[in-house]
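In the two assemblies presented below, subunit A is common to both, partnered first by subunit B and then by subunit C.
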Partner chain A sequence: MSKEPSSSRNQTKNDSLFTDDFQHNSTLIYEAFSYPTNQSLKTRQISALQGTMRGILFFLEGTVEETTIETHVMKPFYELSGKPEDGKVVDMLANSVLLTTAIREIVRLQDAVHDLLNGNCLILLENEKIAISANTASFEKRVVSEPTVENVVRGPKEAFIESMAVNQSLLRRQVKDSRLICENMTVGDVFPNEVSIMYIKGVADEKLIKEVKQKVEGIQTDVIQNLSILEQFIESRTYSLVPSTLMTERPDRATSFLLGGHILLLMENSPYALIVPITFWSLFHTAEDQYLRWTNVNFNRIISILAIFIAIFTPSIYLAVSTFHVEMLPPDLLFAIAATREIVPIPVLWEIILLEFTFEILREAGIRIPSVIGPTIGIVGALILGQAAVQANLVSPIIVIVVAITGLSSFVIQDLSLNFMIRILRFFFIFIANFMGFFGIFLAVACTFAYMASLKSFNVPFFSPLAPYFQPQKGVVFRKPVWKQSLVPFFSNSRYKKKVSNPKVGSRDD
Partner chain B sequence: MIRINNGLIRKRELTAIVIFLYVIQLMNTTPDTLIKFGKNAAWVLPIISFAVMLIPFLVLLYIVKKHDAGLVELVFSLLGKRIGSFVMFVFFLIIFSALMINSRNYTDVFNTMFYPKTPVPYLYVMLIGASFYIANRGLENIGRTAWILCPLYLFVTYILIFFILEDFSLERIYPIAGPGLDVLLKKGATYSSIYGESILLLALYPFVRKFKDFRIGVLYGWMIGVVSLAFFMVIYVSIFDFPAVQDIAYPFQQLTRMATLGTIGHLESIYLATWTVASAIHFSIYLYLAAFFLSKMLKLKEFEPLLLPIAGLCVLAGLISPNIFVGNALRETLIQTSTGILVLFPFILWGIDRLKGGKKANAG
Partner chain C sequence: MRVKWLIILLPSFALLSGCWDKIELEERGYAVVLGLDKSEEDHMVDVTFQIENPQVGSTSESVAQSEPPSDILTITATDIISAKELANSIVSREIDLSQLQTIIIGEEFARSDYFNNIIGSSIRDPEIRRKMMLIVSKEKASEFIHTNHSKLETRPHKYYSFMRDRWKDTGYVPLSDLNRYFQRTANALFLVIYASTEKDPETRKSSDSYKAGQVPQEAGDPAQMIGSAVFQNGKMIGTLTGEETRYVLLLRKKSIANHYVDSFKDPIENDRKISVRLLKVKKTSVKVDVEKANPEVRVNVPITVQVLSSPSLHNYANTKERQRMLKEEIHDDLHAKIMKLIKKTQEEFEGEPFVWFQLARREFWTMDAYEDYDWQKKYQNADVQVELEITIESFGSQLKPPHVGSGK
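Here is the complex of A and B:
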């Protein structure tokens, strides 16, 4: 309710135009920034040609590189010689005096405020209704460092940082091609922020680009701070466990998505790139997949698939087997389990739930705990909860094994959204197993598959190109040798197909 | 984008759908029924039934190709609105009775073999509930789900052979003709509507990308179904021996109980899992078809809203049958009745098409 009036009020005020009246112009800017209450706005009187040409230079503290202003804006201005013709002052300054990379002539207060906020300095001259904005931006940022979440053993070791310009530069360095397009859009009605949409022209589907842009345009909210929030605005299904977008902190991974015809979104203050559309396979594959040799990567893939299934099903299958299908177990194991279960007073469901929740708490605590006292978590978790719970007959030892292997497997899944999905699904299956055993679990499995197969992320089916089946396949479950992969994105109609064949240079053993 | 978002299914998905329609027969009560008549040569019956049902299927396929329209459109254009609606009603009855009787039989098997303490209605509602959920997400989605799961399903089904190999003896299938060739031929023809769904699948022709996809999809899936059923009949007879196999209810489930993998004695829970998934998909296809025919009969534009009432009706009607013996008897009656209808219908349609086509040619 309150959003509309405030934003429109802001707009009418900011829409004022500059006039010939120098005093009026500077007051507009002072008022816009609540000067002098707001001490961030810095001003400096400037003059040239023995004081015949005077003006004020504005900039916001903390957004500009002050040396650039001194050397590239003020110095040339002071050294100005030769009076320009009337009415051509701004033109001359912009074109042949100031030395910064980008110069803009500004007539509206709104643009002036925008430029100042983004680190430009603004020059207002007497008797001119056009202001000059020169690019002197320099925000504080950290240096490019190693990835913290998506680690690889072999591969590039740099990650995105909070500066959009740096992130774009990281991507440009990898895709040196004029077809890499970067379109900027603004989101947020009251506190606008820039979103940069990147794709490779001719590779990414035109309709898809249009759809993404429409989605970003359609966002109606006061402010979007960063990509993680933008993700929640543009995702296809808010209430579903299954993610429809992907975040990566690795420029090389982002690049491989770009080359595959996906679209990238970047924002300031977000050390990630947001990727749309995605399929199950983009969540499942890791950054390292392309860097390892064929044998090794496929071994990894088998491990990952197993890990996903273990992470989802182990507790529920243990529950189902020990409650409904005991005949499945070899007698010796059955007796061993029965013996340990005998002294535990609570039902097996509560045993599992107790330990699973404890594990999830440990995991959450591990993230939130100050890093100085981090190692305590390991001791508390392993010693007190594992060993002591068993000795106190709260849980049976086999449950500890089940929960431990489940937890360990869930760490194999790198993507955070997929990870959450699997961890939450696990509890769902535990309850169903307790309820109906294998019959219940596998009816739920059929429904889960049906649900996931019906999902779409920006109109791309979630399991494609496996189901529905499309050529070309990059190898979704198992990867093909690199020279057999083609770059054509399966969901695109674009044709920059290059038939890749086995490099026959030298001799090959196979 | 255009390619993938058109809602049409392709060859592979259709094959998978047909596989889940037919391969599952080796796990249900079909082998019991066939062994009753075919004795130790029961494995020939599916092949004969296939051959008998193939002819009307091909005839109908020919008409479908000629007019490039699905079964429903053909029936309405060739037979008129009233008779067309009646035919749709007959098709609906066939598919709905099959859904009702088979799903109840499946539930009985679950009940007898795995969950003797759980009430039948409870299992029944869960099974049909899951099928409804899958069917409700559309044919395209049934196809995708089937396609993802079908390699695994076939693999797990066939690998059972290796677990029971030690009890296998091929000599038990002799004498090769069993009760005599004439009996086999007659019974094979009578029971050919175990593959009657092929005829009704032609109604889904408009949802398939192109004619070739449809033809190849159905025929591949169908053949895999026939070969699997025949193959497993050989296995049942070779393992349980004749006449003992006659007295075994649910041979597949018994087989899974015998299967061993090293020290792990009972593998039936794994097969319970496969069978559960397969049945959910199997009945979702039936539900979808039933809703489709009913909507065509009533001339409704959308048929998804019909799925829930049909699923509910199926559970209510299915629960009437007191036990599996009644269920089996009903199923036999259904198969025999529908065989006549489904085998003859394509020829009638063909004849009418010829007559009308002839008239048109004369007029032209």
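Here is the complex of A and C:
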């Protein structure tokens, strides 16, 4: 299925074939890696059968486990007894001598380079035009550790790491099913990288799988370093605030998406999984959603939906009320605000913008700041935002409350893309409220909802299954007790032709 | 390129422009009390604005020590809205009526023909809310506003909003707002809170039948609000005492004041009084029969009584006979006063303040039929009978009187 590694610019003779000429073959490899300038390429002369069979072993430093080469490649080679028939040397070596898990016979330089780069060792034999590549890969990686962003109180405590193999193993451990498919594709023309597309066959929509694969195939670029960049290549609308993909660092969350018929993309060097397609609800639900009891999770959902609205609307509503609709405020509050506003030199709009930007700066600084001096940011921030600004008559105290509750609410939204969307939308609403008051806010709300309802992530409407309404509801807004839930694919294109045709997987209907 | 310009221009529109009525909230002067008086000139009205100073008493953050809690000024103009415009030439802030909760009307102005025109035309302004409370002051409204400074409430709006809650408990005044005024003034008598800062100490009576200014009071806040001003067809025609106002509320089908404390003659020791709380737990049932030549009105008022104190120290809780005596006393006393009040409304005011017109109106198929019937006129000869259903609910937490001295 996978595409063959495509040509590289700096290796001109890449598609050249190996020949009988041993010298020529080794020179090809030396040249490909600019040996001896490049010291990473390691070689070792090997011989067997009292020197009648000789060859060179190549590997790249840092990509292989050297003890594996010693015990599983070199040792069996040296201990070889009995001269093989002519022309069957490679066959015999590959099938009955070398002890590594994967052996490949290689005829083209291009493949040889690719294998070497991926941690295989390569054996070139005299008078043979076929090289043997044995899997001895071992790249450095960190151990599986706890999630840093998607924290849960109750639930698995492991997160994806930078190694794709480990990530796949984390997923395989959760879905022990032969229908879990893993297809590999390569992206990047100059520096190719592998992308692994995972889905559960029969659950994920066939059309969808095809579409995702086409999208990945269609990428034409020199290099894609990791998933975060791949995400930007395959997302539905580049210029939209609304995200159309989702990243998770939790294998359990990724698994639940897999089971729901979503498609997962993994890449080397990316400690997360990319999930497509998504709906608003995938972004809204948290990792903990299925682990808490029914009451608790629904309480959480009420809090988070409130938080979303507070985070978007509080500053704009305050602005609209205080400049256009003062009659809405109870007199006590109104007079308290008016009294403190009287000595503030700037209009409400600039008060809000000033403090909102301060908050955003604080937030950004909190991420960029070296962790050694991190704790100070809290103190400085509290001082800037709170007491000092008020005492200097720069802002009125109520603004501090407005911005603080807004900021706090925005932290409730865990997904980074959704979080950004809400924070940027907030400024949009502030401007429109300054322009037209509540009338403007309502107009903008209508436009925003209309736009979001029209959005599609890989042809899946953003608010489905609520709008357009279809399928038995899986409890998108409020969750049902677990025993009432069944694993139904979240969306299926075939719905437009007939009823949901995909089989249920692991149905738990009581 | 066009998109780029759009991105630059759109936010600047939002930032630099805005609707015309956009104004920061501290730039407004919030009038919380409005006074209306008859002007010396014809077709003019003296409008008094009491503008609250936000910096006094609202927050500890920003306090202006030397400023008064409110600014009061009177403008003579043709109506409220033009007075507001004129006042803007004097007051440093744009006068805003959206927080206005109370309108004080001088009695002299209320009794003039022009009152209805002024009030009626004011509601065209969206800032004038129909929830505003109406108060008639015995003296000129401007005098009332100038004199009425509460000792406990620095901020005038708080004074009026607290007073409003008190009134619900006492029932001495009707709850009168602008909306009810427009609903009822053409159909029946409309009662408005009656207030005064002038004391009238001669008319001290032993009962509760006080009007504003007559309550025996020493020290304390200057304004008394008790009793009601009676309006008919947009014009004030008389007053009711606090006690009469209570009875009016009792006879209404549903009243906002549902309980109050009253005192009655002690049936055993006639020179002593016994204090009870009267509760109207259920709605008053009113039946209006418009078929006869003179309409018949049958009223049944369920009253629950809680005995609060009996200074005569007689034990009423123990014997049924004494309870019956007490019930009868309350019934006879109330009934007599209520019938007297009904007679007064029929003969003196020629209309009813009990909102019975709503029940009479139901009996007609069309509005025209009702209007032809002329309820106000028919009411003057109506046969009204009131039944009081009195239940004694409790005698307080201590049933027996204490054994002190000659306690019986």
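Following the convention adopted for this analysis, the second predicted complex is superposed on the first by the 477 of 510 C-alpha atoms of A that agree within 3 Å, B and C clash if a C-alpha of one lies under 4 Å from a C-alpha of the other, contacts with A are read in each partner's own complex, and residues count from 1 in each chain.
What we mean here is this: a contact is a pair of C-beta atoms (placed from the backbone, for glycine too) under 8 Å apart; a residue touches a chain by one contact, two chains touch by 3 or more.
Fair warning: this is a prediction, and the values are worked out from it, not measured in the lab.
Engineer: Could you tell me if A:K207 is touching subunit B, subunit C, both of them or neither one (first, second, both, neither)?
Structural biologist: first
Engineer: Tell me the contact category for A:E327 with respect to subunit B and subunit C: first, second, both or neither.
Structural biologist: Both partners.
Engineer: Should A:S47 be classified as contacting the first partner (subunit B), the second (subunit C), both, or neither?
Structural biologist: Touch partners of A:S47: none, neither subunit B nor subunit C.
Engineer: Hey, is it subunit B or subunit C that touches more of subunit A?
Structural biologist: Greater contact footprint in residues on subunit A: B.
Engineer: For A:R341, decide between first (touching subunit B), second (touching subunit C), both and neither.
Structural biologist: second
Engineer: Once the shared chain is lined up, is A:N298 touching subunit B (first), subunit C (second), both, or neither of them?
Structural biologist: neither
Engineer: For A:T358, is the partner it touches subunit B (first), subunit C (second), both, or none of the two (neither)?
Structural biologist: neither
Engineer: Who does A:A450 touch here: subunit B (first), subunit C (second), both, or neither?
Structural biologist: After superposition on chain A, A:A450 lies in contact with subunit B alone.
Engineer: Could you say whether A:M436 touches subunit B, subunit C, both of them, or neither, answering first, second, both or neither?
Structural biologist: A:M436 sits against subunit B and subunit C alike.
Engineer: Quick check on the output: what are the common subunit A residues between the subunit B footprint and the subunit C footprint?
Structural biologist: 324, 327, 329, 436-437
Engineer: Please output the residues of subunit A touching subunit C within their complex, sorted ascending.
Structural biologist: 322-324, 326-327, 329, 331-332, 334-344, 347-349, 390, 396-397, 431-432, 434-437
Engineer: What residues on subunit B touch subunit A, complex-wise?
Structural biologist: Interface residues on the subunit B side: 1-5, 9-10, 12-13, 110, 114-115, 118, 123, 126-127, 129-130, 133-134, 137-138, 140-145, 147-149, 263-269, 272-274, 276-277, 280-281, 284.
Engineer: How about subunit A: which of its residues touch subunit B in the complex?
Structural biologist: 205, 207-208, 320-321, 324-325, 327-330, 436-447, 449-451, 453-454, 456, 459-461, 463-464, 466-470, 491-493
Engineer: Which positions of subunit C touch subunit A when the two form their complex?
Structural biologist: Residue positions touching the partner: 11, 13-15, 17-19, 21-26, 28, 30, 32, 52, 54-55, 58-59, 61-63, 96, 98-99, 101, 127, 129, 155, 157-158, 161.
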